[in-house]
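Here it is: the structure, laid out below.
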Amino acid sequence: MQLGVVGLGRMGRIVVDRVLDAGHDVVAFDIDEESVAAAADAGAEPADSVADLAERLGADKRIWLMVPAGDAVDAALEELGPHLDGDDVVVDGGNSHFEDSVRRAEATDAAYLDCGTSGGPAGADVGFSLMIGGPEAAYDELVPVFDAVATGPDGHARMGPAGSGHYVKMVHNGVEYALMQAYGEGFELLFEGRYDLDLEAVARTWNNGAVIRSWLLELCEEAFREEGSDLGDVADHVAGGSTGTWTVQEALAQEVPVPLIHGALAERFASRRGRFSRRLANRLRYGFGRHEVARR
Amino acid sequence: MQLGVVGLGRMGRIVVDRVLDAGHDVVAFDIDEESVAAAADAGAEPADSVADLAERLGADKRIWLMVPAGDAVDAALEELGPHLDGDDVVVDGGNSHFEDSVRRAEATDAAYLDCGTSGGPAGADVGFSLMIGGPEAAYDELVPVFDAVATGPDGHARMGPAGSGHYVKMVHNGVEYALMQAYGEGFELLFEGRYDLDLEAVARTWNNGAVIRSWLLELCEEAFREEGSDLGDVADHVAGGSTGTWTVQEALAQEVPVPLIHGALAERFASRRGRFSRRLANRLRYGFGRHEVARR
Amino acid sequence: MQLGVVGLGRMGRIVVDRVLDAGHDVVAFDIDEESVAAAADAGAEPADSVADLAERLGADKRIWLMVPAGDAVDAALEELGPHLDGDDVVVDGGNSHFEDSVRRAEATDAAYLDCGTSGGPAGADVGFSLMIGGPEAAYDELVPVFDAVATGPDGHARMGPAGSGHYVKMVHNGVEYALMQAYGEGFELLFEGRYDLDLEAVARTWNNGAVIRSWLLELCEEAFREEGSDLGDVADHVAGGSTGTWTVQEALAQEVPVPLIHGALAERFASRRGRFSRRLANRLRYGFGRHEVARR
Amino acid sequence: MQLGVVGLGRMGRIVVDRVLDAGHDVVAFDIDEESVAAAADAGAEPADSVADLAERLGADKRIWLMVPAGDAVDAALEELGPHLDGDDVVVDGGNSHFEDSVRRAEATDAAYLDCGTSGGPAGADVGFSLMIGGPEAAYDELVPVFDAVATGPDGHARMGPAGSGHYVKMVHNGVEYALMQAYGEGFELLFEGRYDLDLEAVARTWNNGAVIRSWLLELCEEAFREEGSDLGDVADHVAGGSTGTWTVQEALAQEVPVPLIHGALAERFASRRGRFSRRLANRLRYGFGRHEVARR
């Protein structure tokens, strides 16, 4: 099979390499020329533009977009538009909002698959988990590619119609926030608590047979090994938050209670600026009890 | 009626003044001699010691303890012990744990009333809210004193047997934490949000007819008036927490969900040191996504 | 001053009565003819339609809309449109989303005031709290009406430009949810806890001098008086939720942590259907510990 | 090595089998005679009583207690007491509170190891995760046994002094509650949300390469496979909670914020009876807004 890949950042490049390794052909494009050259060195056919990539693919195009969510996806689809027809298949492997994917699926002449991709750079070795939404026939057609990019046949599945792949990925990320915070609360209690513990040893022992063993816990173990039990100079600041925000927004729309996911997201927000609510509580304690006000 | 008052700090002094104002007699003691002298200037009979206070009261002693919760209450009771019999009544008006009050009620020869006191220094003018536990006869006996100290007849009531007064006060304080944090979240959203608002005007408008009007909201209004809508140099640090901790402990014992009260208490804890959980989340985002780690 | 009032439901009728009581003139319309007749009995001039109301007002119209948020507001504005010019003032006193109010303010020829109204039916006696957004001149013009409808001069204020009135009201309601849940947690602990308490007496004692006294707590006191300490047959089901949802949505947009407000909203959602998350936890306990699965 | 095992329930029996499989000798006792006979069939030497077990072990006894936390541990230690001296080692492999373990370590003549054991019945095949507190020399002495019972050398470690093993296990369980609830919130949103999803397929796809893959997620996959995506007749009721309660209690003592762990625990409490707080909120909405009260 021949696959066009648009977007050769860290994740796109992994797609290229895994598809090539599986014996397929790849036509590759990125706005960064060096990335294209590097992909060519790895065995991909380089393209000069999105249009050039489309032309090189001929009929029955299979194209994987791995560009940042948002305008970049729409821009790529606009460039591809004149070259696409109903025999073609476009996969959006990025972190798009599921409603954008529904809209794009309707607007595109090609069959459109929204593909939530999880596993991060580590997926280069073990493969990704791919959650895919869209037409069943298009999914079936692309199975050889998904087999190559995913951890294997169990690492990808069609979730349902358009948008369902990114929907499931969105919820995956909401859960991810809460899991990270849950481990964080546990390790915080161990760190601040009664015993002077080697947190790498704790995580390693847990990862070998305990109920809470997981890949995230393996990453905790790695973090303590590399940074020390006190996490060295790692700051009290957590970036990101868009997919967690989408998850809570959707939970509000569905009237589903998600206090842990919201709590984990709120913790990120709180890590990024002082909390006015605490300043007010500090002052109110003076108001009713004449407790001294801490000033800064 | 004649009342002995042990402990002449801010709250004890208010008790003295309100009881004197109501036309009763007061014998007053504190380990701080100046406080005793000041109470004497106000019309109280000064005592040199707890024992002296007990002797001056004669038979059928009525004694109000207004000392810090904990050892100070036990110390006062130990000194009083030899002077007490079953015709005497002791009121603990401090913030004691209800289990201590149950224990003390059993250990004391006198009738023992545990009295949760709310209202803070502002109670000097409007009177306190008094939540009282212990024998009904002793409560009835002390009604004239409670009428004087409380906002009036509706400002005090017998909740139930020993410990129930401090139990209700404990829960009061847990609720208080959550109310403060609830207002705090709202004002934080207004402060950080889309409009440049005069938060004193917001609070004043709310206090005049809105569903959420309250005394705490009047204190918010006062805080914004005195500190400005940005709360000036008031720090992101909230002291205190013992009664809130007791409330959550009791909720655990009773298997009652109190996520808001716990959340408000946790916010205080979080205001007092960096959060390890966030530092771990920051590092884990590198682990799975190679996102840059913020360092300090 | 002459005021047109569109919408004579419970809240609209209170506006009519309070404005008439203050000595102003009212022209009243509602799609329900009986409501119009009742308002006429109270002294208002009846109108047959929105258009008729507009014509009866003549130049410099002042019109108060008190219709359900959403389509009804747009419908009323569409009917009014041909009759309005820049000398007219329209007040939306309903629970509109602030973004709708911004949009309507831009689309309307008249000066547009968005007015968050709090206090509920009880406002008939004490007046409402009115949070108003829009042009300063229009607000100043309407002050006599606001004085009549609000608790008095302190019960209304201009918060800022278009949308700010409904914005502040939205946050007010989010805080309201959290306050209700905070009191609820406290009373739940008292109800389930160690002592057999008269919750009306608890609430009454708190309302007289305690730090947490408030109007909502007065309503708790009333609820326990009318339903009993066990709340009788009141169901474990909480309706509503739209303004709380808006508050959390806006907090997400502003990246402001609101775990208590979200928690209170989630509790409403949870009251309305079984929780799948618990069913999964129940089953998982079998998975790792062979604990018996509760079946229904 | 020869090991005495007291307590032959599901977990104790796994210890016996794994230690026998590793080529060691086992003397086994349980108050249930059939369990002793079954262990004897598997190759263990049966004992008639705790005292008999102690005598059969001779000098340098190594004894593993696998009895329910609480009184059963104290009872076993009391029976063992007269037979123990400083050359003996006792391991408590149950779910004891760490403070009990500290107390028992001080009260016992033998070296005492508190051993948190995680992995559940599934540990029969893969081995357990063992978190061990107590004297280093005793731990070193028992390493061959721990190697047999654990997943291997990385599945056990000495955490620190007396109590630290059960301390780390307590926190493990608190994290476990929060992880379960986090997955639960995600699957609840998927179940109630916009798409009709095969939740087993979702879990399987996630377990193959996704960031949130874990053993608990494998158990979710198994649950959906066996019960269906709607979890069939699995009830909205979660039993258990003691170790989670201990975790929150310790977090309160250490002033560490654990809103997610507390939230997960509160969800269990809430699954077990109606929520008074919601009933009050339902009634309060009538109080301020005359919204209809849902009755039961």
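To keep things simple, chains are lettered A, B, C and D as they appear, and every chain counts its residues starting from 1.
Going forward, a residue touches a chain if its C-beta (ideal position, glycine included) is under 8 Å from a C-beta of that chain, and two chains touch if they have at least 3 such contacts.
All figures in this text were calculated on a predicted structure; none of them were measured in a lab.
Asker: Based on the averaged CA atom positions, which chain is farthest from subunit C?
Answerer: D
Asker: Identify the chain pair with more contacting C-beta pairs: A-D or A-C.
Answerer: Between A-C and A-D, contacts are more numerous in A-D.
Asker: Quick one: compare the interface residues of subunit C with those of subunit D and tell me same or different, with half as the dividing line.
Answerer: Same, since most residue numbers here occur in both copies.
Asker: Where the CA atoms of subunit C average out and where those of subunit D average out, how many Å apart are those spots?
Answerer: 49
Asker: So, what's the distance in Å between the C-alpha centres of subunit D and subunit A?
Answerer: Chain centroid spacing, subunit A to subunit D, equals 33 Å.
Asker: For subunit A versus subunit C, what separation do you get between their C-alpha means, in angstrom?
Answerer: 40
Asker: Multi-chain contacts in subunit B: which residues touch at least two other chains?
Answerer: 119-120, 181, 183, 185, 188, 192, 211, 215-216, 255-259, 263, 267, 270, 275, 288
Asker: Quick one: which bits of subunit B touch subunit D in the complex? Just the residue numbers, please.
Answerer: It comes out as residues 211, 241, 245, 248-249, 252, 255-259, 262-263, 265-267, 269-270, 272, 275, 288.
Asker: Could you please specify the touching residues of subunit B with respect to subunit C in the complex?
Answerer: It is residues 118-120, 123, 126-131, 133, 150-152, 154-157, 159-161, 163-164, 167-168, 171-172, 174-176, 178-179, 181-183, 185-186, 188-190, 192-198, 201-202, 204-217, 247, 250-251, 254-261, 263-264 of subunit B that touch subunit C.
Asker: Could you list, by residue number, the parts of subunit B that touch subunit A in their complex?
Answerer: Spelled out, the residues of subunit B in touch with subunit A are 10, 119-122, 180-181, 183-185, 187-188, 191-192, 215-216, 219-220, 222-223, 227, 231, 233-240, 259, 267-268, 270-271, 273-285, 287-296.
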